[in-house]
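Shared between the two complexes below is subunit A, which has subunit B as its partner in the first and subunit C in the second.
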Partner chain A sequence: MDLGPYLLLASLEGAVQAAVLALTAVGLSLVFGVMRIVNVAHGEFFMLGAVFAWWIATFFGGHPAIGFIAALLIAPLLTGLVAVIVDWFVLKRLEYDPEGTIVATIGVLYIIQQVVLMTYGPDARPVEAPFNHRFYFPWFGYSSYKLFVIAAAIAILIGVWMIMAKTRIGLVLRATQLDRETATAFGIEVNRIYALVFGLGAALAAMAAVLIVPIQQAHYLMGGDPLLLSFIVVIIGGLGSLRGTVVAAALIGMSDGIISVFFTPTLAKILATLLVAMVLVYRPNGLFGTRSA
Partner chain B sequence: MTANTKSWALHIALLVTLFTLQFVLPAYHQGNIARIMMLAVFAMGYNIMFGYTGLLSLGHALFFATGMYGMGLSIQHLGISPATAFVCGIVAALLVTATVGVLALRTSGVAFMIVTLMFAQSGYLAVLFFGEYTRGDEGFVIKQAQRVIASVDLADATNRYFAALLLFALCIAVTLKLVTSQFGHVLVAVRENEERAQMLGYDTFKYKLAAVLISGTISGVAGAGYGLLFGYVGANFATVQYSIYPLLWVLLGGAGTIMGPFFGTLFMFYLIDLASDLTSAYMLIAGVALVLLTLFARNGLMGEIRKRVLPWLP
Partner chain C sequence: MLEVSDLHCAYGNVNILQGVSLSVTAGEILCLMGRNGAGKTTTLKCIMGLVRSSSGSVMLDGLEISQLPAHKIPGLGIGYIPQGRRLFSELTVAENLEIGLMTRNSGRNIREQVLEIFPRLRERMDQTAQTLSGGEQQMLATARALCLEPAILLLDEPTEGLQPSMIEQIRQVIISMKNEGAAVILVEQRLDAVLSIANRVTFIENGISRETVDAEKLDRDNEYLARYVGV
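This part shows the complex of A and B:
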């Protein structure tokens, strides 16, 4: 294959990565923006989404599309519910103290991961794609499902943006993000908003996982990479800025996809991690951000 | 008795107890306690930063692993004596700590935690990347012949126990001296209120950097010692898990206490040991402990004892 088509294939793979990453990272960014806390367990919510998707798809059986659609609807809800419970029983009691919540969410990370290991087991299991058509370019065939993932992620992101920009609940969220105390003074129930945001952030990660699980199997340790990459994206994009997060996810997902076609993934990861550390050291607000951590 | 004599007496009593335990304990527990003492040194190093200076690092596995690999790689590839290699490990840890410290201390709070986490992660990935030398995940064994210092064979269980006890005792003495000195009091002042310490004329950056250096170097000593005593060097020790462990041990034992890290390590080690007999999901214990400790017992074991019974406990 010539370089041109090869590059096209690499960018398509990169775009799939970027789409899923953007969804996951927007979840993390939303939680950080509104609640001012770092959720280390975010990757486990991603993993929960994938594991729930497998359970739901197995439960429904029949045509793969039925199971998939059911999973896309139910798995984020269940994951969001788990997150709301975590918020209610742990984070609220810590009064959202930034350092305390990091330590506690590390604990939550292990609890979720290990409970999944005990119940779902150590195997990686696939969910069948709802359709398995191949789309033919002149040089190679490409799974149409992967193209669907990109489209679906964009649609969900537009949905999130509509909610934040156009609805009353979005207004309330932005008000809480801007100034928690004034929001309370205006009669906004901040505790409920926090639970909602935490649930929503987890649900977004779960949606990303449901989309990716027909390509990548569900496994109890799959939360590590999305967590690290989301961190990177949220920091580069500017802590708390949703637009920056999406731009950074596109950038990093694409370049990660392209780089790992040409170079060894470990070296790429080392460089990316060091780069992020340096960005935080010298530009603590992120590349596009306006606020400090 | 002054508070100072009392606390020295108490810590010496702990060391004497550990010394005598060697003659009583069955072989299995003897090995465990030796491990716990080395890991407790790691936790005590962590505690200098977290407990006394209020700097929460999520990347201490980097310093532990640097000590371990600095020692192991120089034995394996340079063919030098174990004693020199041990020093190499410590120097390597000191250098890495200095670099990370200078950079990471430009940030604070949550950013500091993430920066240290990122540095540790790239350290772990670097171990995998240079798999040709480090043997990656698999790690490598340091042979018995390479573990003899001054004709003392560290592979022998009794020698190993006493070597671990020696390092542990040294670490207790150094940290106890440190935190009761004026320097230690300034660290606590930085922890309690950095701006106020600054206003009083202390260059807080220097104090924090010193704390990071001491903390990282002690962690390196623990890593190099652990590798040498137990004869194995592996990438597992560079993972995030080994950054979380010292945090967990210190939280459980009591942040900002000298003996706390030891008791935290002791309890958690045996808890995980028991749990891993029952299930492969033994890290569940660590997760539950972290959540419960942050929710209900921020002071940890020794912190509670200090609050209720022994107010002079350092």
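This part shows the complex of A and C:
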């Protein structure tokens, strides 16, 4: 192949990465932005989404599309529910103390991981893609499911943006993010908003995971990479800035894909981490951050 | 209408309020005066439930509200204009008002009424609150609270840092709210502003309400002011 098609292939791989990463990182960013909480267990919510997806797909059987659609609807709901329970049992009791919640969510990370290990087991299991045509470019064929992942992630992100910008609940979320005390003085029940946001953040990670399991397989240790990359993205994008998060996810995901194809995945990680360091030194609030966090 | 008795509250181990009592009735302006750190702002926050009281009571029309969750209190018709305005800075003027309207599900007509009081805001509806001038920000903070159709209005130093014409406008709004039958509690440092509109003044010192006097009894060289405010 010439360089052009090769670059296109690499870009597509990068775009799939970027799409899934953007969903996961927006969940993390939303939780940090509104609740001021660093959720170390975010990667485990991603993993839970994948594991739930496998269970649901297995339960439904039949045509892979039925199981997949069921998983895409139910797995984020279940994961969100787990997150709401974590919020209610753990975070609320700590009164959302910034340091306390970091330690607590590390604990939650291990609890979720070990419970999945004890129940689901140590195996990596695939979920069958709902469809598996190949889309033929003039130079190579490409999985149409991967193209679907990109489109679905963009659709979900637009949905999140619409909710935040156009709906009453989005307005309440933004007001709570800006000034929690004044929000309370205007009748907003901040604890309920926090539970909702924590659930929504986890559900977004779970959606990303459901989209990726047909490509990657569900495994109880799969949460580590998404967590690390999400943190990188959220730091580069600016803590709590959703727009920044999406731009940074596209940047990191695309460059990761392209550099991995042309050079090595290790070089991609090195460059991403270097970029984080540079951003922290020269723009501590991130590329799109406005307030000091 | 609103009756606060023997209110105590503490931040951690530091006692801020150690016995504040006051009352305000419909169609009356009560002013809270006292030195910096005396507990005026905390008294308002305590009424709003934003700071939990450790003892004492806050009765609203015979209903004890000091044990209610904080988010339930504004819905009872208490509009709060906090110190420093505390607007939702990145939200637009329209969105800030919307938050006020949502508190008690007030209708569009309330929004229109509020905008008639502050026509300047109508021209700024799509600007974010942080881009407004100081006076416009105070208008917005006031308008946001009026969106609740409040029976009780709490104002914490509304004229701080404003130019005279703006102060006069805020003053007129407070007076017209009073005339419409609202109970107003006003925290204010500027003596002339207090004397011209307050019905009664409660002096707070070291977290304790010392005395409540009719505003008519106060004039510039009165001993109350020397003792509690230091002017």
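A few notes on this one:
Here is the rule we use: the second predicted complex is superposed on the first by the 286 of 293 C-alpha atoms of A that agree within 3 Å, B and C clash if a C-alpha of one lies under 4 Å from a C-alpha of the other, contacts with A are read in each partner's own complex, and residues count from 1 in each chain.
Quick note on the criterion: a residue touches a chain if its C-beta (ideal position, glycine included) is under 8 Å from a C-beta of that chain, and two chains touch if they have at least 3 such contacts.
The shown structure was predicted, so the numbers you read here are calculated from the model rather than taken from an experiment.
In the model built by aligning both structures on subunit A, subunit B fits alongside subunit C without clashing. Using the contact criterion defined above for the overlaid structures, shared-chain residue A:111 touches subunit B, although it does not reach subunit C. Touch criterion not met for A:59: it reaches neither subunit B nor subunit C. Within the superposed three-chain arrangement, the count of touched residues of subunit A is higher for B, of the candidates subunit B and subunit C.
Of the two partner chains, subunit B is the only one that A:99 touches; subunit C does not reach it. In the superposition on chain A, A:139 makes contact with neither subunit B nor subunit C.
Of the two partner chains placed by the overlay, only subunit C lies in contact with A:187; subunit B stays clear of it.
Our angle of interest has its tip at the CA centre of subunit A and reaches the CA centres of subunit B and subunit C; in the overlay it is 90°, to the nearest 10.
Look at A:178: by the touch rule set out above, it reaches subunit C but stays clear of subunit B.
Minimum Cα separation between subunit B and subunit C in the superposed model: 15 Å.
When both complexes are aligned on chain A by C-alpha atoms, no subunit A residue touches subunit B in the first and subunit C in the second. Of all residues in subunit A, only 168, 171-172, 174-175, 178-179, 181-190, 290 touch subunit C in the complex they form.
The touching residues of subunit C, counted against subunit A in their complex, run 48-50, 69-72, 74-75, 80, 82, 86-91, 95, 98-100, 102-104, 144, 148.
Listing the residues of subunit A that touch subunit B in their complex gives 38, 90, 93-94, 98-100, 102-104, 106-115, 117-118, 122, 228, 231, 235, 264, 266-267, 269-270, 273-274, 276-278, 280-282, 284, 292-293. Listed in rising order, the residues of subunit B touching subunit A in the complex are 56, 58, 103-104, 106-107, 109-111, 113-115, 118-119, 121-122, 125-126, 128-129, 244, 247, 251, 279-284, 286-295.
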